[in-house]
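Next up: the structures, one after another.
The following pair of complexes shares a single chain, chain A, combined with chain B in the former and chain C in the latter.
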Partner chain A sequence: MTRTDDPVALNEWYAVASLDEPGAAPQTTRLLGEDIEIGPGGGVRSLATGEALRTCEKWGLLFASFGRPPRALFDIAEARETDRRFVPCGWITLRASGLRVVENFLDMAHFPFIHTGILGTEPHTEVPQYASEIRRDVDEVWATNCTFFQSQIAATETGGDFVHLTYRVPAPFVVMLYRVCPSAPDRLDAIALFLQPMEETLCRAIPLMWLVDTSSTHAELLRFEQVIFMQDRIVVENQRPLRLPLEPRHEIPTRADGSSVAYRRWLKEKGLRFGTTAGAEAAA
Partner chain B sequence: MPPPPVAWTPVALAADLQPGAAAGVVVDGAEVAIWRDTAGTPHAWEDRCPHRGMKLSFGFVRGERLACLYHGWEYDGGGQCRYIPAHPDLDVPASICVNRYSAADAAGLLWVASGTGSGDLPDPGDPLSPLRSLFIDAPLGEVLNRLAADGLPGLGPVVESAEDGPLLNFDQAGHRFVVGRHPTGPSGTALHILLKGEVSAEARAAMIPATAELRRLAEAGR
Partner chain C sequence: MTRPVLWNYDLDDASYTVRLMASLAGVDVDLRAVDVYPGAEHHSPGYLARHPLGRVPLLEDGVVQLRQVPAMLTHLARTGPRGTGFLPADPVGTAAVEDWLAFAFRDWLALSAARSASIFGDGVDLDPLRAAAIAALRVAEDRLVAQSLLGSGFVAGSAASVADIALFPGFALSRDSNIDHDAFPALRNWARRIRALEGFVTMPGIPDYH
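So, the complex of A and B:
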């Protein structure tokens, strides 16, 4: 394995470790095709060249970059609200492109089929019209006014109702979900999914949650996330090609895929190749 | 993704794909979804939903349609998308369809080909009893040479063997074996093994260890 030469991918920040993991010994992991070592003090170096990577710490995670990220990490306002419950989940490894995982996270239409009886149930399959856009001022992708009939929106809920969701893609390998909290309708639960792209078609993911919900136990929340992820794994590991195609005619979207279309357009504008079918062509 | 060969290739024992079932097979490197509608008609498609690339072999049969696991898009026997659950009232555009190949039942096997398929499908006349499909990590040529010379290990000498297009026939232990040859890739082979005539389940079960031994020897290259 060798490091990608994709400058767009190299100049991003990536979560590569949880800071609460016991750090007596160095950990070895992989980023953008190259093995890296995370030292007990939080330093990250390439095992191929020995060079040190830029690092920063936020939200209990260690971030690293091979290049020079043009801007600091984005902000999550909810993470600064001290009365919220912070729930870091565990890392999950997926034999998939991290970009396919982000896109799956943005997708509501699969709820009744993949998360049957949890996030959706037939015959409630319709995806009502929502808005998606590339926000030029912040260089992020947003999908707003999203609604979907869910049978069990969160670990606390047992009945079904329309949920109100907002999606945000603050970086190519990070995706967030804001949802109206059932127990405090004026506030939004915030869930972020950070992807560590290890190889073009191998990644690790860690979900972090900042919740208004105080009734669920930590174990219940983790179990809920785990079930959802194991179900999504079946999809993202069995899409063909495994890499995300950015060419508009390669796959056929419908109106429900507005957020996916905006995300792909945004990635294409950036010129990102790693984890896309363009990356495969460049490597060939 | 490359399509399967234009020549007919046996990809499964016909009895192993029940009406209402779907499965994924690899034919010379091509990923193909095979499925039977509830009437039993076989279909072979590119194993990729045109919407978001999900393998259609993970889908489920609903009557005369195959529904993709991911978003429930339903395709009719002609490969045309007829229903998109995210938009229940949408009149689905004719442009949304899957890449179809040819599928046929013959000689107790399920066959797949690109286009309409070149060459004739075998017609053995007599009934055949399915033994098993065997998947081997070794090139097809090597496996066939071994099989034509020695048959199944431990069942005694091969009296006669002959290639009949995509089938290999040989007589051993008082039975006539009919084997469908199926390359999965450059170094992978599937054999779909049948026996001529009505052979009891007990007699067939007794041959299973010999097929496992064939795989073991072929993969060890001995």
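So, the complex of A and C:
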């Protein structure tokens, strides 16, 4: 494997490690096709060229970039609220493009079929109308006013109800979900999923959650998220192609995949190739 | 009477084996979630006091404290209202079950290793792990083909035994390691028979549909 030459991908920040992980010995991992080494002090260098990568630290994660990110990392306001439970969920590896993982995260239509009894239940399969947009001022994709009938929307809840969700894609390989908190309806739980694109069709993902929940144990909160994520892992690994196609799809878009259409269009406008079917053609 | 307590982790295949056996045998267990990843709670002093080997699962049933999965499976089969069918009474059947149970906790662990590396691995070379897993699957596939010629649908006889339950998660979860089930038709049919058993439950990674 060699490093991609996709400038759009190279100039992004990527989470590559949890800050509580780096021990005395350096650890190796892969980013955009190249092996990198994370030193005990949090320094990151390429194992192919020896050069140091730009790094920054936020939310307990170490971020690195091969290039020159045009802007600093985005903000998560909820992460600054001190009364929240911070739950980093651990890294999971997936054999798929990280972009596929983001797209799956945005999709509500699969809830009753894949997260049966947790995030959805048949016959409540309809995705009510919602709005999705590319916000030019912040250069992010948002999907707002999303509602869905869920049978168990959070670790604290046992009964089913409509959840109110907002989705945000602040960077090509990061996706967030804001959920009206069942135990405090005036606040939003925030969940972010950070992807580390290792190869075109291999990535690692770490979910971080900032929750208002005061009653669940840490293990229960982790369990809830990890079970859902492992269910998604099967779906994402079995999608073909493993890379994300950016061309308008042959199917007529339904309301349910409005956020997917906006996400793909946004990536295409950026000219991103890594992890897309365009990247496969460029490599061939 | 207090219910048995199972200290377990949802994503762990060995924990699932015990949850599955308990459910099939009709034993209600109290589940305690252990934050194995990322919290490494199984290495915490509190947990090590219960389980010095620092592993999940751990089964506590009154004075019985079990740390080894095969012992948990046979204990649940012996004590559950629907459990006795999983342990043959005759010497021939018992011998086959013990042989395949040993296989499940030795050679079959290659499947577990391949799965862990696929899910938690950090770019490790999966090919040798996957090759070892496939070699183990071939042995079980051949056995099930031979069994079907004798009119038996399970590894150690004509009824599902603790050995079948010990083997089921490794096969069912091998999709987590990108192993295609199409090459193993006898295992697929066998897995369908296990799914049809009363009390069958899944875990994340095993679709409810099939």
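What we mean here is this: the second predicted complex is superposed on the first by the 280 of 284 C-alpha atoms of A that agree within 3 Å, B and C clash if a C-alpha of one lies under 4 Å from a C-alpha of the other, contacts with A are read in each partner's own complex, and residues count from 1 in each chain.
Definition applied: a contact is a pair of C-beta atoms (placed from the backbone, for glycine too) under 8 Å apart; a residue touches a chain by one contact, two chains touch by 3 or more.
Since this is a predicted model, take the numbers as computed values, not measurements.
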Touching partner for A:Leu188 - first (chain B), second (chain C), both, neither: neither
Touching partner for A:Ala171 - first (chain B), second (chain C), both, neither: neither
Partner chain in contact with A:Ala262 - chain B first, chain C second, else both or neither: neither
Which of chain B and chain C A:Arg240 touches, first, second, both or neither: first
Which of chain B and chain C A:Cys203 touches, first, second, both or neither: neither
Chain B versus chain C as contact partner of A:Val141, first or second or both or neither: neither
Chain B versus chain C as contact partner of A:Ser18, first or second or both or neither: second
Which superposed partner A:Glu126 touches (first chain B, second chain C, both, neither): first
Common interface residues of chain A - those touching chain B in one complex and chain C in the other: 234
For the chain A and chain B complex, residues of the former touching the latter: 103, 107-110, 112-114, 122, 125-127, 234-235, 238-241, 245, 251-257, 260
Of all residues in chain C, those that touch chain A in their complex: 10-11, 33-35, 37-39, 41, 118-123, 175-176, 178, 204-205, 207-208
Residue ranges of chain B in contact with chain A within the complex: 1, 31, 47-48, 50-55, 58, 69-72, 84-88, 90, 95-96
List of chain A residues in touch with chain C within their complex: 18, 27-30, 35, 88-93, 95, 116, 198, 202, 204, 217-220, 222-223, 226-228, 230-231, 233-234, 237
